[in-house]
Amino acid sequence: MTSTKQHGGLARPSLGARLRRGVEPAVLLGPGLLFYAALVAAPVLLVTGYMFARRGRFGGVEWELSLDNFSRVTDSVYLEVFRESLGLAFVATLLALLIGYPTAYAIAKLPPRWRTVALVLVVVPFWTNFLIRVYAWIVLLNSQGLLNDLLVGIGVTDDRFTLLYTPGAVVVGLVYSYLPLMILPLYAAIEKVDEDLLEASADLGAGRVRTFLGVQLPLTMPGVVTGSILVFVPSLGNFVVPELLGGGKTVMVGNLIRDQFLKAQDWPFGSVLAMIVVVLLVLLFLGQAWVTRRVEGPARG
Amino acid sequence: MSTINRRPRRIATAAVLGTALTLVLAACGGDDGSSAEPAALDPDADLSKQTIVVSNWEAYMPEDIAERVKEKTGATVKITSHATNEDMVAKVTGSGGEGLDVVFGSQPYLEALSKAGLIEPLDTDLLDNWGNLESAATDTAEVDGATYWAPYTWGTTGICYRADLVDEAPTSWRDLLEPTDANKGKVTMMGTERWAMLPALKALGYSVNTTDEDELAEAKELMVAAKPNLLAYDDSTFYERLISGEATMTEAWDGWCNYGTGEDENIKFVVPEEGSDLWTDGIAVLKSSKNKEAAYAFIDTILDAETHAWVEENILYNIPNEAALELVPAELKEQYETLGTRREEMLSGENMTDVGDDAAALYNQIITEVTAS
Amino acid sequence: MARAGARQGLGWLWLPLVLCGAFLYVPILVLVAMSFNGGGSAYSWGGFSFRWYGELARDSDLISAVVTSLGIAAGATVIATVLGTLLAVGLARHTRSKMLEAAAMAPAILPDLVLAIGLLAFFYAAGIPKSALTVLLAHAAFGTAFVVAVVRSRLAGSDAALEEASRDLGAGAFSTFVLVTLPSIAPAVIAGALLVFTLSLDEFVIAYFTAGPTTQTLPITVYAMVRTGVTPEINALATVLVVISVLVVVVAARAIRPKEKS
């Protein structure tokens, strides 16, 4: 913790040294922070300000104080959109976790060589264009598409039916888009778990389920939480998946926000919706910090 | 044991100052791109030195239009595309029109842009081919006594359906809004802009330009009730869904239904008995354009009988150009009824106009709430 | 048997691996297969053909979109790598402010849609016309955060002793940075730069909001293609993109592969 050097108390550092020590952080931190000030801080402040303004005729805002946007958002239609968005994002996250956990666990148990291969295989689809990954599901789920061909072919159904343009299709699209973001942190957490602890638990007579729930799961909780957040956050703000796989019938808050800025030209209302999303996410991050502290705190002591 | 200088506060101050500075600098350096006075055209301008950027729907004009204009006038044309009127408006307003010179759009949206002073009145005397246009179309291009756009295509909205997949041909907007069990989940409606509300408004016997809040509320209820029976909201690929058989009935513009008919003759178009609209798409010059002479040259090239005839022959929408119509082969008018015998029916539709800012916001809000319901 | 199974064989664990693998790869493989479809429908099979690859190669709009995207990604990578590396070193060596640290990561944590509308509003309010340059700046902004994250974690692993030694031996701040700090974090800087490049190439939402009226990046073009009608050409494009990303991932994995602990 002592930040003064040994000779600090004896001789004051030269003026040049002091200047240098002041200039250096400015040179290192200054450009990046200025860049952020313009392209991150200013935009966020602007959107915050827009919340209290009136809509401009063609985009932009009239700077007249107005709280109408806040009362409008409490309309049941919009609350319902928030509820549905949270619901869909939650289901997508849960599904990703249910698929991701066993997968990450299995990868962690692979021989080291194969582990790398498996991890690369998990990542490859993620580096493929996002829109094309979503589009792939249009091809698969279409009523004239392959899944229907398959179902009719093996005699499950005679009638072609639309799997596309349903909330289910939206959830599948979200899970598919973000699954790797769930698997990677889970893998990192599972890989760290000391095998001996699990064996000790088993030796002490705990069954598999109890060992999993009592030892494995709590130890990997930070991975579960991180992965869940990484899937939940982009799912909540998504507008491409609901638009392409939901057929415009499933509206998530991301669609609402996009439409306010690029279609309805009601920027203040769009800003309110966006800031609500930000507040929800801040709450989520606080929750994550709390969980991580609870898990890692005692484990270390 | 690292040397640590604690300067968070100073850095935070720097960040705030930086924000302020950048905002000020950016504001000073900005150019709002609009001039109060419409610039007079220079008849001697060297068009070969002018470049214009034109935004149009994808595949809505001759692919070689840039070469045609270059050859005829020397001006360079760059093409970009928008997917919808709303896209176009967002492009124009998002940057005060900077970067665009000419836009294609539908009457209500062009009217709104003209009222907002973003597009410029046309001096039609400077367009040699203006006289080719039908007066019924040029009349609709007038706002407060000035002409703001050159009419390009016009048409109506109806139901495009697969005659072989429906038991009975649709005759009413209600066939789309309240489909029979066999058609449930196999119909599409448009999900944006004014056409989203058209079927419900017409089914109820109201004007497509209504600003009456009660009428709009009634239409909204009908739309909410119709939503569960839809396959999807679709403004751009409905004819493909008919071709693939995914959909049996769709709300459609006449020309795009013709695309379907071209692929499968079972695909037919009907204007429901409650009536429909007459919409016009036009070409407008942005006030911020710095190459207006080239913009006029572009418009005049489009209005040339030969080019405009190409539009009807290939895009399959009706054009309001009398000279060009003489060049359109009779077989085409027979193959596609909307271009031939049913042209009168289209012209009897209710002209779709701008409903004004407040009502437009209300339309948008209703559409948002219906799709969100 | 149960415990031995966990250590030696995979036991039942092959099941999630196979299922998850199928879930991840079947859609992609279907696209690849359909790209050789000679018919005009994107959904149903009409005979084997390379027809759509030919269409793809002749699609000048798409090719210019690829060029635009590569240019934006390159520019954003340069800015983000320089600013991000400086920022990361500054954060590691000159401050302990948690706030500042969080601020440096903010663009990576902020939902892309929020950053997108914020930047749209900012460019509008500042009167900066939207263009390819505004997309480049926007991508540099979130890219910087990713470079900070990658380089910062590398710096956390190394201590400042070497740098102090260099300074005690009389080297100036600049030469210490170039000769000591930079070489020790070089792999992280390169990894960060690669990350920004690929993220920028694939980024849609922010580009969609900040692109100028004539700016067409690859994702914006793909979005328009998917929205305004599905043609088999997209399948061919998808296949090309998948092959490229597989190659990049494999090459990158080989280059950055940590020495195997044995």
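Every chain is named by a letter (A, B and C) in the order it is written, and numbering of its residues begins at 1.
Throughout what follows, contacts are C-beta pairs under 8 Å (C-beta built on N, C-alpha and C of every residue); 3 or more make two chains touch, one makes a residue touch a chain.
The model shown is predicted, which means the values in this text are computed figures rather than measured ones.
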| note | Two candidates, A-B and A-C; the one with more touching C-beta pairs is A-C
| note | If chain centres are mean C-alpha positions, then the most distant from chain C is chain B
| request: With chain centres taken as the means of their Cα atoms, state the distance from chain A to chain B in Å. | output: 36
| Rounded to the nearest whole Å, what is the centre-to-centre distance of chain A and chain C, using the mean of the C-alpha atoms as each centre? | 16
| note | Going by residue number, chain B touches two or more other chains at 3-5, 7, 11, 15, 22-23, 26, 92, 94, 244
| query | In chain A, what residues contact two or more other chains? | reply | 25, 29, 33, 36, 38, 42, 59-60, 142, 144, 261-262
| task | For chain C, write out the residues touching at least two other chains, lowest number first. | result | 43, 93-95, 100, 103, 120, 124-125, 227, 230
| said: If we count contacts the way the header does, which residues on chain B are in touch with chain A in the complex? | reply: 3-5, 7, 11, 14-16, 18-19, 22-23, 26, 84, 86-87, 89-90, 92-94, 112-113, 116, 118, 185, 191-192, 227, 230-234, 244-246, 357, 361, 364-365, 368-369, 371-373
| chain B-touching residues of chain C, taken from the complex the two chains share | 41, 43, 93-97, 99-100, 103, 120, 123-131, 159-161, 164, 212-214, 216, 224, 227-230
| field | Parts of chain B lying in touch with chain C, wherever the complex brings them together | value | 1-8, 11-12, 15, 22-23, 26-27, 29-33, 53, 55, 58, 78, 80-81, 83, 91-92, 94-96, 98-100, 236-237, 240, 244
| Which part of chain A faces chain C closely enough to touch in the complex? | 20, 23-25, 27-29, 31-33, 35-36, 38-40, 42-44, 46-47, 50, 59-60, 99-100, 102-103, 105-107, 109-110, 112, 116, 118, 120-125, 127-140, 142, 144-146, 176, 179, 183, 195, 198-199, 202, 208, 233-234, 236-237, 239-240, 243-244, 254, 257-258, 261-262, 267, 270-271, 274, 277-278, 281, 285
| chain C residues within the chain A interface of the complex | 2-3, 6-7, 10, 13-17, 19-21, 23-28, 30-31, 34, 42-44, 79, 82-84, 86-87, 89-91, 93-95, 100, 103-104, 106-107, 109-115, 117-122, 124-125, 137-138, 140-141, 144, 148, 173, 198, 202, 204-205, 209, 218-219, 222-223, 226-227, 230, 234-235, 237-238, 241-242, 245-246, 248-250, 253, 257, 260-261
